[in-house]
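Got some structures for you, see below.
Next come two complexes built around chain A: one with chain B, the other with chain C.
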Partner chain A sequence: MSETIGSPTTTTTTSAEIILRIKDLHTYFYTDIGISKALNGVTFDIPSRKVLGIVGESGCGKSVTALSCMRLLPRSAKIPKGEITFFRHKKNGNGSAAPVEEVDLLKLDTMSQEIRNIRGAELAMIFQEPMSSLNPSYTIGDQIGEAIILHQNVDKAEAENRTIKILDQVGMSNPKAMVKRFPHELSGGMRQRAMIAMGLSCNPSVLFADEPTTALDVTTEAQILDLMRDLQAQLGMTIVFITHNLGVVAQMCDSVAVMYLGRIVEQASIEPIFYNPKHPYTKALLNSIPHAGSREHKRLLPIRGVVPDPYSSIKGCPFHPRCNSFMPGKCDVNVPATVTVDNGHTVRCFLYSDEVEQQ
Partner chain B sequence: MIDPVIAQSGDDVLLEVKDLKKYFPVRGGFIKKGVGTVKAVDGLNLFVKKGETLGLVGESGCGKTTAGRTIMRLMEPTGGTIRFNDPKQGWVNLEKMNRQQMRAIRPNMQIIFQDPFSSLDPRMTVFRIVSEPLVINKVASGQELNDRVAELLRVVGLRPEYMSRYPHAFSGGQRQRIGIARALALNPKLIVCDEPVSALDVSIQAQVINLLEDLQHDFKLTYLFVAHDLSVVEHISNRVAVMYVGRLVELAKTDDLYYTPQHPYTEALMAAVPKPDPHMRDRPIKLPGEVASAIKPPSGCYFHPRCRYAKDICSTEDPPLKMVRPEHWSACHFAGELNLRGIVPTN
Partner chain C sequence: MFSYIMRRLGYMVITMVIISVLGYIIIELPPGSYVDAEISRLRQQGGNLAPEQIAALYQRYGLDKPEYVRFGLWVSGFVRGDFGQSFQYSMPVSDLIFGRLGLTLLFSFLSLILSWGIAIFVGVYSATHRYTVSDYVITILQFVGLAVPNFLLALVLMVFAQNVFKMQVGGLFSAEYVNAPFSVGKFLDLLNHMWIPIIVIGASNTAWLSRVMRANLLDVLNMQYVQTARAKGLKESVVTWKHAFRNAVHPLIMVLGGSLPGIISGETIVAIVLNLPTTGPLYFNALLQKDMYLAGAFLIFLALALLIGNLGADILLAWVDPRIRYE
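Entry: the complex of A and B
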């Protein structure tokens, strides 16, 4: 963890715009059948008060990135290398700008009081499946209230009042009755709203939303997305929106990071990603989905092959076996470095620069 | 009154479903007595033309999967008629057939399931899975059977050398191809595709969709494509039927339905489709409340408690299917009078 290039100390001017800085993050899973390199050098900044989308297919490491930041990885996972800096804005009562404290999240013990103070209160997460991430034996009110009691130093009655307020905010009808309900008594959309309420309960600076609408019907999904957009604008939160659905990304995000096999292959603001994508994988993803409303019947252009299994190691650029722009002798030898092609638009591909990533 | 959706059993029609009903009893209490009925499919009307793809869409619990399975007689219908234009026997009423008679029809109608993991027996090799329909119907044996399975695997883009492997050795997309090979084995006319790509990754989805399109072209197949992903359905379907709480609410050619919907529920669906274009950010149409219960549906039009155009008549009278335009039917009292928004066409 002794990286020198662009270390966080030189960034006091930008720290107002960046809330999390992830540098060269490696997360490995040690399992019985080998080492699965889930993250292989992930580097990116999460801009403050914006919605950043992380897209990619299953197994590309998008959820692991969020879990690494939350320090919620299972025991089998280790982080051998990397840095996650959290630019912590202390909340002080009079509203004046407090100095920004830099916290290296990876230096904290996963069980320490400090990470517990951050987790839930400043970095929160909502999960994909509301049914399996809510506890079936506690009421909705108890589960949301738990975080409030832990982090905000209030009694049970006050916690319930605040819970009712948040449930109302996320568009739950009749929130007073809802706090007494158990998860099985709610519909999928209502459960997801409860999950969002739980994530928002302590007004976090960053909300990781891991496929929050994937299990929902399309009309419910649209309403949840609309709600999250409104709350984001109202509360000035940062949302990291993890999804495989490019439609949802287009509707929701200000900027996008595209991941493939444990690396970020392209990052840019929303428009260049959709209208001027650079990386062959981003282009291929956009060509492989049907576009609602297109008048002529265009044949879909699938990406050939399958996502390789995470235990295999591919020499060179991990996408080269499936890439249409594959350059023999180049892409299968070295890993391309991340280069900037345009203001705020970075890409990791030899089509744009010959720069090789230093191992 | 004669239902306008029903074609005149013409030669260009392969399947005709009229007033199809499938109810499930709800049991409760200590002695498990019946306490109600789930009307999963409650009077569905549609027809499928030869060689076309009819998309059947709706949200979870609307009865689209049950409809597909009841049409296949994998579930016994509670009521209604299912007429199939069999190439040998001509028009037959599937709901009246016994097991023996169904066996003669089955080779012509097959199904592809959603989950490529649970729809293949893990203890059977790919050869046994794909050859089973051929063996049961005594179509081929010995070397001929072997050749036929190899051919089927090639057709769906798998290598015949893999036929002695077990399903666990294949990825999700490959398993779905095995399921497709099994469905193709007996040269069917109609294939019910029950969410065939929803369990697959984006890039693999496109491979399977293209395969289904190629097979349809090469073998002159007819698809009843049951799915919830409206973008996929738009891409693959010639016509689309929309279901809400067990009923058909709208049926039209794909472009007509997507660009100029004639039912308020379809309008809400179209506004909710997440378009992969940041310049097309729509505010969704707010649908108050929850999807109506199939156990105790509301009076009149099932959609009226959530409909922003609802008037008094909607809560009292059940709207019949009306032909709004040629080949465009909608079950709304005000179909044709409302100015509904669809998806904005792009090129």
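Entry: the complex of A and C
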């Protein structure tokens, strides 16, 4: 076990390298009041060793996408269709390129040993609420060490050493004392650092961060974001950053996927999204936040209406009832297909192509 | 933690003093005493009691002294293990109670262990298998167990045991063993008699506890930290027992603390129906017969058991949940 957190990984990466490929993913929740179609054909690639932002309003399926990849959906959820391919890089000690194994995550049983070996070790996740994400009955050291013992085959003492090292890395003051602390003795920011430490403890390839700073105050948020950015650069892992905050996206991400009602409506690298957005929804999102440095006092433009409830089905483009560029007879009839408008910039809108999505 | 326990022990002493005063007042509240009842019984039998005889009876039982003196005598006796004399049985109260306490504790502990063991596993199982066929079956059984009164279950089981297994039911021993010295045969006979009371006493307890366990675990299983545990790649059994169960067990611990008096009093009605020589019927009769020292001693024991149970539960809770660390 020569690999330790923080050892510089010297592999040559190209932007084309992909760690997760999600294809036509459908996730439905079967509840008493009907079927809630949370994801309706999500297709995108997660580039390796980059930070990908997933943005959208509440209820658009951002978290469900991450949970589907982790296979951590609640029992009421089913995935009737789709593929999630994980390009698993066998970790070997000397850091040389090893053959890549393709794992179809949806083929694994949610309780199986295979998925449990991937969870925590290869794909890690941190959650929105640092207050409730840690078990109140066990110390921070116990909870982080648990993952290390599980995946790295070390004894308790060694796990504690590694835990202390990681806590130090995530900027916890006095990590030796921290391992003995219980979650309720820590502030929200400290708990989120502990969660990040837990997520990173086994050096995962992908870290899903589900709105990790939403519950924190602005100062703490900035610190946590800085920390994540630093650690990402240092460890070279992939971060999937789920947020509804476009400011955070601008600060954190290399590329962005914009979601609306269980579909990706636009995906591009960070600059085109902010300076040349294509999809009316992306434009509306950007218009609804204040711009720093704007001289005149402009009104913010909220998006008309609310996200429709996922139990109803909308014919045509799901955004058309709220869209400012709605074209009758077109948008309310067919679903636009995803088309490439620029290098690596894809969008799903009839403004750019008449191509219809095949059902 | 140490000073917390010390403080709690101090409160317990104060509470016990208050309870003994209140208990004494309650026992003295009904008009007349055991001696009055005894005198009228003797008169009914035709005996004409001289005033001197009556005074002697009062004196013998200490009823001629003022209330506060009798209370003082009664309470001071506790320290020496003297709980006074039973009017009914003309025996020291302590002999009466301790003579029956052994069997009572045996019953109570066996049914407690049985019902807790079953309840925890059944509750966890039905929570982790929510809305499956087995969960529905368990839920129906739980409601039946809660709804059927204990004494009725006792009667049904007695009839069943008598007609199907041709067993002698009621009591603790078959006729031939009642006065026999202790032997393997007698022990087996005891076991043969014990299963009905244990099932009866345990049934409603099990149903109730497993309901509580299920409801709490369901709450906890929805907690974010359970998801965190799964996200680490832990086995579902570890997630359930290590991360969820420990946070769902609090109400059960509180119930356990409250059930300590029940260990001493036993299930009175069940014991009466099944003719068990436990302390429950003794307490019941003492109250009916105004056998005040016997009833008073029971009251004190039950109160003490409740206080000890609650203290024990609080200490156990602090151990289970680090958020409850007393100062």
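Everything that follows uses one rule, which is that the second predicted complex is superposed on the first by the 341 of 359 C-alpha atoms of A that agree within 3 Å, B and C clash if a C-alpha of one lies under 4 Å from a C-alpha of the other, contacts with A are read in each partner's own complex, and residues count from 1 in each chain.
Keep in mind that, in the parts below, a residue touches a chain if its C-beta (ideal position, glycine included) is under 8 Å from a C-beta of that chain, and two chains touch if they have at least 3 such contacts.
All figures in this text were calculated on a predicted structure; none of them were measured in a lab.
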item	value
Joint occupancy of chain A by chain B and chain C, clash or fit	fit
Contacts of A:Ala157 with chain B and chain C, given as first, second, both or neither	neither
Per-residue touch tally on chain A - higher for chain B or for chain C	B
Partner chain(s) touched by A:Ile33 [first = chain B, second = chain C, both, neither]	neither
Partner chain in contact with A:Phe274 - chain B first, chain C second, else both or neither	first
Partner chain in contact with A:Ser137 - chain B first, chain C second, else both or neither	second
Chain B versus chain C as contact partner of A:Ala222, first or second or both or neither	first
Which of chain B and chain C A:Ala284 touches, first, second, both or neither	first
Three-chain overlay, closest Cα atoms of chain B and chain C, distance in Å	7
List of chain C residues in touch with chain A within their complex	130, 223-225, 227-236, 243, 246-247, 320-323
In the complex with chain C, residue positions of chain A that touch it	70, 72, 75, 111, 116-121, 124-125, 127, 129, 132-139, 143, 146-147, 150-151, 182, 184, 195, 198
For the chain B and chain A complex, residues of the former touching the latter	59-60, 171, 173-174, 201-207, 209-210, 213, 228, 230-232, 234-235, 255, 258-259, 268-269, 271-278, 280-287, 289-291, 343-347
In the complex with chain B, residue positions of chain A that touch it	57-58, 173, 187-190, 217-223, 225-226, 244-251, 270-271, 274, 284-286, 288-297, 299-303, 306-307
